[in-house]
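In the two complexes that follow, chain A is the common piece, with chain B as its partner first and chain C second.
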Partner chain A sequence: MAKKVLMKGNEAIAEAAISVGCIHFFGYPITPQTEVAEYLAKRLPKVGGLCLQAESEVAAINMTLGAAAAGTRVMTSSSSPGISLKSEGISYIAGSDLPCLIVNVQRGGPGLGGIQPSQADYYQATRGVGHGDLRLIVLAPSSVQEMASLTAQALDLADIYRMPAMLLADGALGQMMEPVDFSAFPKRDVPEKTWATVGHNNARPHNIVNSLYIDPQVLEDSVKARYQRYAEVEKNEVQYEEFMTDDADIVLVAFGITARICKSAVTAARAAGIKAGLLRPITLWPFPKDAISAAADHAKALMSVEMSMGQMVDDVRLAVNGKKPVYFYGRTGGMIPSVEEVTKEICSLANAL
Partner chain B sequence: MKVVTVLLYKGTTDNLNVICGHYGSGKTNIAVNLALSQKANCPGSVVNIADLDIVNPYFRTADAADILKRAGVNAMIPLFANSNVDIPVMPDAMQTMFDPDKKDQFSFIDVGGDDGAVALGMYAERIKNCGYGMIYVVSMYRPLTADPKEAAELLREIEEVSHLKCTGMINNSSVGAETTAEDVLAAVEWAHTCAECCSLPLLCHSYYQSLLPELPEIFSAAGYGDEILLPMINVTKQIF
Partner chain C sequence: MKTVFDRPHALCDVPLHYCPGCTHGIVHRLVAEVIDELGVEGKTIGIAPVGCSVFAYNYFNCDMIEAAHGRAPAVATGVKRTHPDNVVFTYQGDGDLAAIGTAETVHVAARGENITIIFINNAIYGMTGGQMAPTTLPGQVTTTSPYGRDRKIQGNPIRVCEMLSTLDGTALAARVSVDTPKAVINAKKMIKKAFQNQLDGKGFSIVEVLSTCPTNWGMSPTDALQWLRDNMIPYYPLGTYKDIDAQEA
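Now for the complex of A and B:
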């Protein structure tokens, strides 16, 4: 691949996955993520991989489970309603301690909703993506470059912690085009998959991949062991970016495409003499609660800006823990907040403080 | 050094022009710019642009509707574009584009990427009846068509589903708003190879005029004084 390429976010996800050895894909088409599968359908046969359009999202996620159990790097991708369909399988994957990548290029909901971008699956991704005590590592890219680099990271993290990871993008990031550089992904050491069900030739006890535990004590033990790994993720893997927060009176908290809009709004507010800043969570789980708590020590107020009716704002409030007021501004249903309207919100908040 | 407008980029303009190519190659930008340029050069003529993009509901001609309206270009967009029933139902007025007797009318059809050209097939007979030019837009910076052989493969696919033949190529090698003069220069030789591979005449190299006012001089200095350049405004929707 040429050093400099211009790609749609969806294509960048697909190419990044191939570049880190994820050459198995199972999915089902849905706007606005279809280019992920479309790109992989063209590329994977050329690199000895498999791109399979399943009969449904439910089939695709279970194929993903099977491929992960066999120890291969594997991914699936969909958009909001399709992720809901996959939720049972995602829980099975978490309960089976299997690594994989699940991509959600979000669109407006609930229900069939619309096809324009949204961030209203935050609760689903960080709280309720499947039944039972479980977590996903959730990464939120905010550029086409990050659609690529965080895809690569998510596959490493999934393998390291033996758990599913999700790339939580949105339709705008999926469809927009920016230059991407594939040469600069940091590589992590990934453990060997000694647990994979790849045949044993009677040389070792056979491996079992399973999420069914009839004995409640055994199930509790397995969940607790998994939560020790989750604690490691929370300790080691938090990522966020700060923009002009050092002396900020008003700290915006935003992720994904909304963070790009907020960056422009912060710059505009600064030009108008308002000390604004932006804290952008890159990992939504684990959530950067310590960084937000630290920001609340010096800021006068925080404002969560989202393409939803207000979901991440709950996590911001938990992190701030009453130290400072936390406000919310959002658009939903596929509407994208403009730089002007976010700037206006910052200005009216500054006047009220 | 020739910096040209639509009237000159290949010596003459067809009454009916079809713009096709790989998705993300810049078809919409080219189609809108050619239409605006045609109208600016021939204010008395009727200029139409039709958005036949059934593939991408996010970035398309329909987004540039205001600019086109102000310039006096008739924008024909799918009746339900940007709504939840976004289907390729074109307005009746689109039929007027296929009148072979209207010689003062110039029409530009912005086709969806790749096999989005299948929607063009239904108009193929009427388009042939009018006489037409069909431009294949290519970019060296788009991974799936960066290999000239792959660009040629895609061209055959587009021609197969649209039942039409391309007549020329525009090199729109760009990396978006961050494009530098070096990026454009680096694609000149590639464009000639690609055109040869596709057996199409290379009509011109397009570039964003706002970003590169100095490009014609740079082209001359690099020994590309004979290349034809097509300056364009960027009509891509801005989110942030």
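Now for the complex of A and C:
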């Protein structure tokens, strides 16, 4: 049996990154993700790596860009307000076709907000994480084990598609402790980084890592080429989990920590005779729209449950495309919905159908 | 036939976009000559800024990265820390280095990052068409200080080398000019030292080059050089503000 280690979600991210060869980290302290940097500050010097505390989130993401441009497997980590500061650099990383991992252990917002868990950066992660036409691969763990396994996956995906990937977690997942198995991350082949700026060694023309294209036709062509890669990601990399959806009249859609609450609520609703189910997107981009559309074919209604005022529900509605009614239930500001609350919502929806 | 003058190998054989009389061309050449003479082109990574020298990535023959405005020192840190055996330099203007990138500049020096910065100070924003820079002189007219820079309204210019020389991580902070052949020779000497320091692992080196902007200053190239001598050098005195070699000696 594989050996399991009891650790915090934030620590699991850090250890998983090391286990797949990401031994360079640039960051800035912010609650509730600081343990990522603290863990790496202890571990990385012992494995020949580097954990550098930058003067700002802005500097940290640009150090990440520099390391990525030089072909290094690299990550940075922050929480919501810090991700806003990183957004400039994320846009440049996307525009320069550089792979890296960005971790967002979300807290409540807007502004300084709070330090309790939240999922209110869904729009930011999947829509507006920087200026211009760009996408991030966004992975949403819902356990400490997944904090680790999706960190490992995100680093591979970033390298394979030469684009930034984000692990979109939350303060609850970051702080809670669960057993983790680091022994079995599936390893994928990643392409050689022939484009990296590591010195041409007088053996090839100079490499240029750049996001500037003054000629609009050239810029359009470069964006379109990138979107062809994005189309490949959408075709190949969608991940989701279904729980009792086969015969479900009411299908909940929830990700991250909220999905775990919803799973308990579905079980409670089933015990009360209501055919409820759960579809949990693991990739928020690419979004499992086909799976949700298929669920809408047999369900009577869907309900998006989030720790926000309702953000992913827009994507659920787009996927359902009017076939069935889509409802929303959420708490925000750091409030976590209870199993009882969600069960009650399912029951009242069942009564109304 | 003996070749007595040629393009340095580290300078690409492409048309430069700089305005007539602008001193960027001279400084590009000096940096390229130094890279050639030290034989480091194959292991050098240059970081281009946002500003007039934004296209520097097309001009230097080494591997190049285009950074966001002001972030070149952070990008350089990411490269150097993961590839300490490479030579890493940034080439930045005054808006990039001393306004939007002030934090990155100060902290790259404070950390003593073993990199080289070439800093072009021409007291104006060139690329965007002549706006006030952090180094615009008191009284100097720009499009955003049309009545002359008023210290009470627009504050005071920043003397970058003096400021960075107070930091323990700085190995070399020198201000040079390229307004005369003699000054050009001295500028090259300092640029070479700034690169040699990096090869010797001495830490952070910056060479500030006082430069002209005839287009946005609204002067002929020769008048611009005279204006630099009459106005910029008195406010930004040439010299070496910190040199750990001199301190040790």
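The definition used in the following text is that the second predicted complex is superposed on the first by the 351 of 353 C-alpha atoms of A that agree within 3 Å, B and C clash if a C-alpha of one lies under 4 Å from a C-alpha of the other, contacts with A are read in each partner's own complex, and residues count from 1 in each chain.
Rule of thumb we're sticking to: a residue touches a chain if its C-beta (ideal position, glycine included) is under 8 Å from a C-beta of that chain, and two chains touch if they have at least 3 such contacts.
Quantities reported herein were computed from a predicted structural model and do not represent experimental measurements.
In the superposition on chain A, A:178 contacts chain B only, with no contact to chain C. Within the superposed three-chain model, A:203 lies in touch with chain C and out of touch with chain B [touch as defined at top]. In the overlay built on the shared chain, the residue A:56 is in contact with chain C alone; chain B does not reach it.
By the touch criterion defined above, A:261 reaches chain B but does not reach chain C. Once the two complexes are laid over each other on the shared chain, residue contacts for A:74 go to chain C alone; chain B is not touched.
Counting contacts by the rule stated earlier, no residue of chain A appears in both its interface with chain B and its interface with chain C. Those residues of chain A whose C-beta lies close enough to touch chain B in the complex are 1-2, 4-8, 11, 15, 31-32, 35, 39, 42-43, 114-116, 171-172, 175-179, 257, 260-261, 263-264, 336, 339. Every residue of chain B that touches chain A in the complex is listed here, in rising order: 23-24, 56-59, 84, 86, 139-144, 146, 174-176, 178, 183, 239-240. Remark: chain A residues 24, 26, 50, 52, 54-56, 58-60, 62-70, 72, 74, 88-89, 92, 96, 197-203, 206-212 touch chain C in the complex. For chain C in complex with chain A, the touching residues are 12, 41-45, 47, 54, 57-58, 60-68, 71, 74-83, 86-87, 103-104, 106-107.
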